[in-house]
Amino acid sequence: MTAPISEQLNADELLESGQRKMEWARQHMPIMGSLRESFEADQPFAGERIGMAMHVEAKTAILAEVLAAGGAEVAITGCNPLSTHDDVSVALDAVDGVTSYAKRGVDDKEYYEAMEAVIDHEPTITVDDGGDLVFAIHEDYPELIDTIIGGCEETTTGVHRLRAMDDDDALEYPMFAVNDTPMKRLFDNIHGTGESSLASIAMTTNLSWAGKDVVVSGFGYCGKGVARKASGQNANVIVTEVDPRRALEAHMEGFDVMPMDEAAAEGDVFITTTGNRDVIVEKHFEEMSDGVLLANAGHFDVEIDLEALEANAQRTYEARDGLQAYEMPDGRRLNVLAEGRLVNLAAPVSMGHPVEVMDQSFGVQAVCAREIIQNGDQYEAGVHNVPDELDREVAEIKLEAEGIEMDSLTGTQEEYMDSWQHGT
Amino acid sequence: MTAPISEQLNADELLESGQRKMEWARQHMPIMGSLRESFEADQPFAGERIGMAMHVEAKTAILAEVLAAGGAEVAITGCNPLSTHDDVSVALDAVDGVTSYAKRGVDDKEYYEAMEAVIDHEPTITVDDGGDLVFAIHEDYPELIDTIIGGCEETTTGVHRLRAMDDDDALEYPMFAVNDTPMKRLFDNIHGTGESSLASIAMTTNLSWAGKDVVVSGFGYCGKGVARKASGQNANVIVTEVDPRRALEAHMEGFDVMPMDEAAAEGDVFITTTGNRDVIVEKHFEEMSDGVLLANAGHFDVEIDLEALEANAQRTYEARDGLQAYEMPDGRRLNVLAEGRLVNLAAPVSMGHPVEVMDQSFGVQAVCAREIIQNGDQYEAGVHNVPDELDREVAEIKLEAEGIEMDSLTGTQEEYMDSWQHGT
Amino acid sequence: MTAPISEQLNADELLESGQRKMEWARQHMPIMGSLRESFEADQPFAGERIGMAMHVEAKTAILAEVLAAGGAEVAITGCNPLSTHDDVSVALDAVDGVTSYAKRGVDDKEYYEAMEAVIDHEPTITVDDGGDLVFAIHEDYPELIDTIIGGCEETTTGVHRLRAMDDDDALEYPMFAVNDTPMKRLFDNIHGTGESSLASIAMTTNLSWAGKDVVVSGFGYCGKGVARKASGQNANVIVTEVDPRRALEAHMEGFDVMPMDEAAAEGDVFITTTGNRDVIVEKHFEEMSDGVLLANAGHFDVEIDLEALEANAQRTYEARDGLQAYEMPDGRRLNVLAEGRLVNLAAPVSMGHPVEVMDQSFGVQAVCAREIIQNGDQYEAGVHNVPDELDREVAEIKLEAEGIEMDSLTGTQEEYMDSWQHGT
Amino acid sequence: MTAPISEQLNADELLESGQRKMEWARQHMPIMGSLRESFEADQPFAGERIGMAMHVEAKTAILAEVLAAGGAEVAITGCNPLSTHDDVSVALDAVDGVTSYAKRGVDDKEYYEAMEAVIDHEPTITVDDGGDLVFAIHEDYPELIDTIIGGCEETTTGVHRLRAMDDDDALEYPMFAVNDTPMKRLFDNIHGTGESSLASIAMTTNLSWAGKDVVVSGFGYCGKGVARKASGQNANVIVTEVDPRRALEAHMEGFDVMPMDEAAAEGDVFITTTGNRDVIVEKHFEEMSDGVLLANAGHFDVEIDLEALEANAQRTYEARDGLQAYEMPDGRRLNVLAEGRLVNLAAPVSMGHPVEVMDQSFGVQAVCAREIIQNGDQYEAGVHNVPDELDREVAEIKLEAEGIEMDSLTGTQEEYMDSWQHGT
């Protein structure tokens, strides 16, 4: 059985570093700060147990401690074998009301054992990033489902999996699709994934964006973010898509659109954001130039077919920290960042999404968790959109924290918007 | 009773000019060209009567002639007293199967009489831009409703009015909300309204965007388009909003966000895109600098309170074609473009949305009209979203016309997207 | 002999329209306003005669009247047969101290006769836009050179001609290269040419920039402006160049760079800004797609080989105002805007550079004219850079007019910038 | 006396890491690769000794090895106490013909001792980055000046110091101002400084640019780069300047311009690029918000007055690696990155300018060094601009390496550009 992280590692050495990281995050997460205040006063989670499987680094830690501050008993583990910051995990484990099992570099067996340790707390709420926790519960611990009130899912990919479960009538408690809210999609995906993926690639390689041909696969919210931010650094962006409207949208923003079969020979850098598998495969490797960079900004490490690349390479070596070079028989070197895992999380220099955008996503997580407690009985089993007023609530907290004022509708204006008896 | 336009005006003088304009539009509307081919072959509208109230200029004329080519008897009038191009109206009236009653510069009485002339054709399908036609029918010709199969509405504002009717159970036949489709919102509103509003303002004033403080009211699709395109011309953009998430979205794109009470003193140019009334009112005029420009890119001319401006001005004069100067008692001059009507339509130099974006919107209109005929009985009275496959169909036609190729999902990829039994 | 414009045209009809245009320009030219005040007080040009050959429209008229306000006798004609606004020419002719000979649509003979009429005033200062006036004087009126103190030239092309003359020792009085100043190049060329060329093309064609492949020939200041502003409207920009550093600069900004032989087949719109001839020639026309737009934003109408196009076309017709269609034997239509002349001046909807950027250029012209009077004897015959302090003076006037404050160097900082005895 | 780095550190541990870094740089520096080939063949530096004081990391190492490949004996040390990568220094020291004395974290005394060790090689050519080497020679080793043929200087700041020396007639051998070439300024300063400064700040802080108010001090080439790239990441940029034309240029690009006294209260992030001292001082610290970031992208660490900050803080602590927090008496925390040194070099995650832009700068350095040998006697003592044909040569090498083709002038075009006898 997996033990809490503080019993696994030399906590003393890691604690201060983890606390320092959490302190930095705390300072730059005004939404969480505001929610902590109200949760401390109201104790909405008193008596509840919250199980979490997320990327355990400083920002997530603040979400966990804010839920704990609201009265919950929180148990957490990682949702990716490489994304845990051990020092943060230790510092989080030291927080009152939180137990952390997350450790970096676990193998598959350890990964699922840590998840079981979380499940062993018999959570009444689950918070997921990718869906592994909710899936493990449905698969292996169906007896727990009765006592689970509901849960939240953070990512596109996780929501996709949940909807597929739901379509099969296999999802047995209500889950909020946090990923699909405006507050998540518009900020986390566009700004968070966009900025942090590019900065991670730049810092891992010491290369420049200016004048580079950057192939972005997928023009969903993440792809838009990557494409626009790359363009904002003077890259020449090429988009590949499978959806005609997104393809057209990319074209109308001024990006080149073409199939990957054609883009393979054009790109200097390739960034996948599709959430699908086999986006870049053997036939594409054959077309690529010497020195290309291959990175993934989608959830799972299946977008670039690394097995095929490995099989075709005559030699592979770590050319830089976090960058594996595959030397092809003809001498071309294809450089894969972060083993094809989420480049903004798994590259050695990476720290995941920027603090501020996670503040927004986690703000939605926190108010959804509160909603589950307060009104959980009103939601049937299945995937639920986050109620609009919760999403708006988080936006309002953020604007207030930033000191941004808006207009408000006058009575006359509200009436006008509701009326229809007026003509040209 | 309003007569067809060719009987009202000296058609001979206007015909060639109108036909030349239509020819230009036809060349740059590949989606309409493709649909014409299939409609000519299939005659989906044989025996149907289509009543239209739209901005009658060259692009709309192509929609009308394509519907007529599909077998419809089309009757059309304007949806705005100032937006009709008389030469195009004459040329359209000369098209087989089309009768046009639209004339520029009509007064209120004439405006509604022309609408009645259209209604007098007893349309089986209605196509609206702002909702005036559907509203007139419900108000004054309820006896026609039984024979109307359905209709389409082009604009945000019109859809808003229809939804309000629908909420009151007052909408008695099915209407497609064309405005709400991705193909409309993402292209027409963002690129069409954005580019054409700015170009109209620049050409009316001979002024530059570089370094200007441009206040954009509303950060919906139109507002986003105006704000981004203005920023792309090196303006410094300030956004006013009433919705917290849109305000936050504007802030996160790097725009200043503030209430109009504050923005009034900051702006060099003000562009309203809210769809609401009284966005810029008396207290704002008082704060504005000498020489500001005031323009509206929302549907109706109610966003800027011109009555209050008129009442406060000591003198007004036409400073340029399409630009009225209001001289305040303290000598400041506030310059209103196009009488506060849609600046990209009503300014003298304006020709409305660019041809290509209207090709997309009208492509959706045309396939929706076809859907009404083919499957109209499947839609209840009320507002309906455009079925996604129709919207996709138009996107695919466009991509093909542009020679843009995409990827398509492999069987393995489709399976992956549908599955959920796989973990990290 | 050419008579003043007021004697050629029915002045009464045109005067008010011209005065209204000048009034608008005057309001938006704060630099000229500030200089007028000082010139009226100081009368720097008392007793001088200033000959001008410029695009005679509202902004230029303000320069002429400000010079006249400083005591000069001003005689002016056009520098392009199509760019004169007759109403402004009439209104300018009515200004005290100014005689205007400029008329729109003159033939070659009339064009040079009007120039002779200006020369007949025996100017002591010449102000040129393209160099025609200074060249005519050197060629045909060498006897006047002795009494000419100096002159100013506005454009890249004119300065280029003057430098060529200077290299041949053929330039016999001092000329300020106004074009080469930061205040001209950075604002007029980049923002002025960029914005107004694009707006002119958009309004002439009613087409959109979003998603268009726009080929920009030349990546000097004008080309940079056109390319960046087009990109800011979501066009996909392709640059052609003959200079390796500019080519590299375009590449590093993220634009595609290729030879015109290749770009010809790619572009939807072609905009020349090179100042050279034969940029787009017969072999390129053969490669172009149906419906392309061809426009010139360089000084002379020699960049696109219209003779070859005419010779190859099977039919030509005016497809829109200001747009001539050339139908090739294979049916493709190539559309030339404004007869290949400066599109932001010669298109029917065009009004030349925006008012504000001309305020800056003309500010430099005005202080250079003052410098010629005050210190003309210190300049030898030949091309001279505008003294840096004059250019700075204009920048300071503009900042003050815009209410923009800056930092100023402290004594310690000035000392630091001048010192070199400090290490790492 | 300072020993070569390999004798100071445990070379075995560092060698492989340094060589791996150099190999990566070598792969992405096509200009250096091309020059190495020609230098190896021609041995232009046979018998020469080149003394270098530069940031010793992988890219610089490639310059040093290319010069050595051309026959030079190269001695190198750092030009900044914190910017040396020890592993690269060791690997470089192991290159034939190169001795490296550079070590990270030296104190002032060690810094100058290492410089003396370089000087002890009695260089015939000096290559500087900031001017410390040339200054030390003039100050302390005037006897060497006779045998020095010439040198190159890389930075704005160094050139500034050299020009000040030159104005005092104190510079006694010819120095090429590499910094001032188009190939350096347009790419290294704009793209290199811009991208790498922002990525360093983002990765050091895990914060986002979207929606941040970023104050950029100085709108020279570096400042333009930082401002534009920050804007490209959706920051709201505020510029402070002391030069009216640059201030106006910033304003016309759409940035806010204001004095630092005002900007201090507005900014979330402050980035100095002025090359001057005391840009942000005590009175500004007082106005700043809690949590601001302070970073320097100018050469020396004098732009932010850290002494005053230290004196005013009640507590300071390292909040993150490379980020010192200064807690003010009122509780506000001001966060200084990289001790106020060049943030893109001195932050722990930083690797200096991107490889590709240094390839261009160093290409100019290398051909200038070659020019000194080939034509050094044609240059007098003092600062010299890099001959234009050398700068062009490097651009051409780069374009060829990137596979970018250009147009070339026809005979008719060249003649046209040289002629002036043609009119409108």
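In order of appearance the chains are A, B, C and D, and numbering begins at 1 in each one.
Note that in this section contacts are C-beta pairs under 8 Å (C-beta built on N, C-alpha and C of every residue); 3 or more make two chains touch, one makes a residue touch a chain.
Protein names from UniProt, one per chain: A, B, C, D = Adenosylhomocysteinase.
Source: prediction; values computed, not measured.
Path length between chain B (Adenosylhomocysteinase) and chain D (Adenosylhomocysteinase) in the touching-chain graph (shortest route): 1.
A count of C-beta contacts for the chain pairs A-B and A-D puts A-B on top. Here the spacing of chain A (Adenosylhomocysteinase) and chain C (Adenosylhomocysteinase), counted between their Cα centres, is 53 Å.
Centre-to-centre separation of chain A (Adenosylhomocysteinase) and chain D (Adenosylhomocysteinase), using mean CA positions: 37 Å.
For chain C (Adenosylhomocysteinase), the set of residues that touch two or more other chains comprises 187, 191, 210-211, 231, 234, 251-252, 402. Across the interface of their complex, chain D (Adenosylhomocysteinase) is touched by residues 79-81, 111, 130-132, 135, 160-162, 164-165, 168, 182-183, 186-187, 191, 240-245, 247-249, 251-252, 257-262, 275-278, 300, 302, 391-392, 395-396, 398-399, 402, 404-410, 412-413, 416-424 of chain C (Adenosylhomocysteinase).
Of all the residues in chain A (Adenosylhomocysteinase), the ones that touch chain C (Adenosylhomocysteinase) in their complex are 210-211, 231, 234-237, 251-256.
Residues 20-21, 23-25, 27-28, 58, 187, 191-192, 195-196, 198-200, 202-203, 205-211, 229, 231-234, 291, 319-320, 333, 349, 351-352, 354-357, 402 of chain C (Adenosylhomocysteinase) are the ones touching chain B (Adenosylhomocysteinase) in the complex.
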